[in-house]
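Handing you a structure now.
All chains are identified by letter, namely A, B and C, in their written order; residue positions are counted from 1 within each chain.
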Amino acid sequence: MTSSSVTTRAVATQRQWLAPLIWFILLLSLAAGMSQLEWLFRLLEPELRQVIYRRGDFLALLGRHVLVVAIASLLAVILGVGAAVAVTREAGRDFLPLVAQLASIGQTFPPVAVLALAVPALGFGTLPIIVALLLYGLLPIVRNTLAGIGSIDPDVHEAARGMGMTPRQILRQVELPLAAPFILAGIRTSVTINIATAALGATVGASNLGDPIISGIVNGNTAYIVQGALLIGLLSLTVDSIFERLQRRP
Amino acid sequence: MGVNRQSPNWVLLSLMLVSVVAWLFLDALNVAPNRIVPGTPYTSLEVMGGWPALLLGLPLLGVAVLAWQPSRKGLQCSLAVVVAVLMLLPLWLAAATVGFVDADAPQARVGIGSALWLLLFLLLLAVIELRTRLGVSRAKGWLLFMPMLASWWLALTLWLEPLALVREYRVRSDQFASAVYTHLMLVGAAVGVSLLLAAVLVLVMRRQPAVRRIGFAALNFLQTIPSLALFGLLLAPLAWLGSRIDWLGNMGVSGIGWAPAFLALLGYSLLPMVRNIFVALEEVDAGVIESARGMGMSRRQVFVQVRLPLALPVVLEGVRITTIQAIGLTAVAALIGAGGLGTFIFQGLGQAAMDMVLLGALPIIALALVADALIGALSERLRLGGAQ
Amino acid sequence: MIELFDVTKRFGDETAVNAISLRVAKGELCALVGTSGCGKSTTLRMINRLIEHDGGEIHLDGEPVRSFDEVTLRRRIGYVIQSTGLFPHWTVSRNIGLVPRLLKWPKERVRDRVEELMQLLGLPVAEFADKYPRQLSGGQAQRVGVARALAADPDILLMDEPFGALDPITRATLQDEMRALQARLHKTIVFVTHDMDEALALADRLVVMHQGRIVQQGSPIDLLHEPANPFVESLLGGLDRGLKEAALIQVGERMLPFGPRLLASERIPYGASLSQALSVMLWHRVDRLTVVDEEDIPIGELSLRRLLGAKAP
C-alpha cells in the first residue's frame, strides 16, 4: 500500500467522524455556555425574572442523563445479546419461541407505560428508571440478535461444524460477526428510545435533561423548556450520528 | 432407545415452579384503611386460611409434572389448567377482598401485590408457550384469553369495589371516559392524517429521487429527536402563532394543548408510514408486474389492480407500527396539556398515588395490545386473500 | 481407509439409512449415487459425525469414529459442500487457512500453505487472496471450498455434491481438475452426487443407494455390465449405457499403433473417450480415425471394429 493511499484513508476516516464531532461540540458548548445566551431567551420570555434554568448545572444534568442511559444500555446489551445467544444454543433452544414472542409482544408496550409501572414496583428515583430503560431496551436488542443469528446461511454453519470448529469458535468467529450489523441496529434503536424515555424520568424524581422541560411546563417558563429540549435533541443527534458511522463500516 | 420418549419441556416446568413459589411466598395483597396510610401486606397463604391459595397453586404443580414428559394430550390438559387458574384468580381476589374489607369501611382499599402480578404475568407466558407448542391458530389463541377477561370483568363490576384501582376509577369515571376519548381521537387523527400525507408523499417520492432523498433524511432526523424535546420545541412557536394570529388562536392553537401534541404525533407517524408504503410499493414482485404489463394492462390498471392490493399488507404493517407508537407518544403529550390517559400517569406520579398511575398505564398498554391484535389480524386476512 | 458396518440412522419413525456396509480403501474415490432422499448425504455426514449414527459402527483406519473427539475428528477430514459454505465475512485466504489456524499452525506456515493451495487450484494469489466470497464466481468459490478442505492435508475428503450448483462447462472443467488432483494427491474420498456421468467419470468405486440401502457397489464398468436390477439399470442410463461405458474408455486403449498405412481423413486425440470417437465417426460418416498425440502427430488408428471391441482383423 502506498503512503498516499494511507493518508487518503485516514482523511476519509476523519471526515466520517466529522458529523458526530460537530453535534458533540455543539452539545457541550451549549451545555457549558447556556447562560451566555440569556439575551436570546429573554426575547422568548420578556416578563419572567429568570430565563436560564438554574436548579442544576446543565453539564451535570447532561452527565447524569448520559450516565443513566449508558448504564441501562450497557446492561441491556449484555443481557439482551446474552439471552439471544443462550436461546439459540442447543441447550436453550426450548426457550427460543417464548423469548422471541415475548420480545415482539413487549415492544407493543409503550415505553412511558413501562416507566410508569416501574415506579409502583420500585419507588421513585434513578433506580426505577434504569430498570425500566433496561427492560424496555432489552427487547429490540434480543429481537435483532435473534434475527441476525437466524439470518446466517445454514450451510455456513454446517461448513463451520464440518471443518471442526468448536461451538464456542463458531459463535465468536462466525455467528457474532455475521450478526453484528443486526445487533448494532438493535442497540441503536434501544439507545434512541432510552434517551427519550430517560428524559421522562424527570417526572419520577430523576434529575437529568428532562428536568428543565418538566420544570418549564410546571412553571409556565418556555425558556426552560427550550433549553432542555435543545440539549436533549443535540444529545440524541450526537449519539445517533455515532451509530450512523459505526453502521456504515463494512 | 425408548419409544417416543420426549425430553422435558423446561420452559413450562420453570414457569410453573417460579409461579408457585412467587404465588405462595410473595405478598399477594395490600390492605389499607384509606388512601393516605400505607397498607399492610399479606401473602396468599394468610388469606382465607390459605387453602384457596393452595387450591390454585396445586394444579400448577400438576402442570409442572406433566411438563416432565410432555405429550400432546398433556399439553392440552396443561393449557386447560392454566386458563382455568387465570379465570379463577379474579374470583379469589374478589373473595379475599370481601373477607378483608367490612362494608362499613368505605375508605378501605385493597392493593394488588407482587405475587398476583407475577403469577398473572407468568401464567400469560405459559399460555403463549402452550399456544405455540400446540400450534393453536391466532384467532383461536385470542379466544383462550376470553374466559379470563370475562371473569375479571365480572369480578371488577360486582365484587371488587374496595380494590384500590376501582376506587380510583369510581372517583373519576367521567374524567376517565373523556381521557380515553381524547387519547383515541389524537391517535386516530395522527394515524389518519399521516396515512394520507404519507401516501401523497410516496407518490411524489416515486417520481422524484431528490424528494425521496431529502424526505427520508428529514423524517429520519425528526424521528431521532426525543418526544419530550419535540413537544417542548413546538411549544414556543405555536404559542407565538396562537397569540399573533387570531383565527388560529380561536381554533385553540397555542403552545399547550392539542396543537403541539398533534403536530409532533404527525411528525413521528410520518416516517414509519412513508417507509412502509414506499417499501410496500417498491417490493412487489417484479415478475408479477412484468407479467401484468405483458398481459396488456395499462400503467393505471397495473397500479390499482396489482401493485396496490399486493402492497396492502405491508402498508397495514406501517399503520400498525404507527398506531402503537402514537398510543405511547400521546401518553407523553399529556405533559403539555393534551389530555388523554397520560394525564392519570403524570398526575399520579405527581401525587405519589400509584393506583392512579396504574389507572393510566394499564389502559394504555391494553389499547396498544388491542390495536396490535386487530390490525395484525386484518393484515393477516388480507395476506391470505391477497398474496403470500 | 473408511469402513461402515451395518450403519443405521433413523429420524423419528423414518429410517434414512438402513444397515449399510461399505469399505473405502486408502486412496480410493468412492461415489455414492442415488435419487434425492436415498440417504447418501446422511451417510456422508455420519462419517464426520455431523450426524450421529444410531446403529452399527463406522471406522476410520480401524478405529471407531466415536472414539475420537468430534472436533478433532472433523479437523482430520476435509469437507466440501455444494453451496461452499464459505464464511462471507472472511477473505479467500482467511477462509482457506481456517483449519490450519484451528490446529494452531504457526502464521508463516499457514500463509505458505494457503498460497500453495491457491496455486494448486488455479487461483492466482495476487488476484484472489484478498477477495471476499461474494466477489467470486460459482466455480471460483468451489475451488476455494476444495482448497479449504485440503488445507490441513487430511487423508480423507468428504464431498457432498461439490459441483452440483455449477453450469455444465465449469462443472466439466472442475471434474477434470479433480481427476488430475486425485491422481497427484491420492486422498481417500467419499463423493456424493446424483449426476451419474460425474460419478462414472470420477469414481474408482460406485455405490448405488436407494431408500436407505445399498443396492449395488463395484467398479463403474462392473456396474454398467451387470446392473443388479432394473433400478440400477435405469439409473445408469438404460439405452444410453453403451455410450456411458464408451465414455469411460480412452481411445489410446483401443487404437492400433501405426503400421505403414494410409492416414484416415479425420483425427482424434489419443486421450479422448471412445464415445467421443464414435461421435466423430457418426458426424463425418467415416469408419476410421487417425489417432494423434498432444503434438498432433499421428501415432495410430482407430477403426469402428476396434472401437466396438472386436479383435483386430
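Operating definition for what follows: contacts are C-beta pairs under 8 Å (C-beta built on N, C-alpha and C of every residue); 3 or more make two chains touch, one makes a residue touch a chain.
Since we're looking at a predicted model, the values are computed, not measured.
This structure's chain pair with the greatest number of C-beta contacts is A-B.
Centroid distances built from C-alpha atoms place C farthest away from chain A.
Centre-to-centre, using mean CA coordinates, chain A is 54 Å away from chain C. Distance from the chain B centre to the chain C centre is 59 Å, each centre being the mean of its Cα atoms.
The distance from the centre of chain A to the centre of chain B, with each centre set as the mean of the Cα atoms, comes to 23 Å.
On chain C, the positions that touch chain A within their shared complex are 48, 50, 71-77, 79, 81-89, 98-99, 102, 148, 158.
Residue ranges on chain A touching chain B, taken from their complex, read 44, 94-95, 97-98, 101-102, 105, 108-113, 116-117, 119-121, 124, 192, 195-196, 199-200, 203-204, 210, 213-214, 216-217, 222, 225-226, 228-230, 232-233, 236-237, 240. On chain A, the positions that touch chain C within their shared complex are 153, 155-166, 169, 173-174, 177-178. Of all the residues in chain B, the ones that touch chain A in their complex are 9-11, 114, 125, 128-129, 132-133, 221, 224-233, 235-236, 239, 255, 324, 327-329, 331-332, 335-336, 342, 345-346, 348-350, 352, 354, 357-358, 360-362, 364-365, 368-369, 372.
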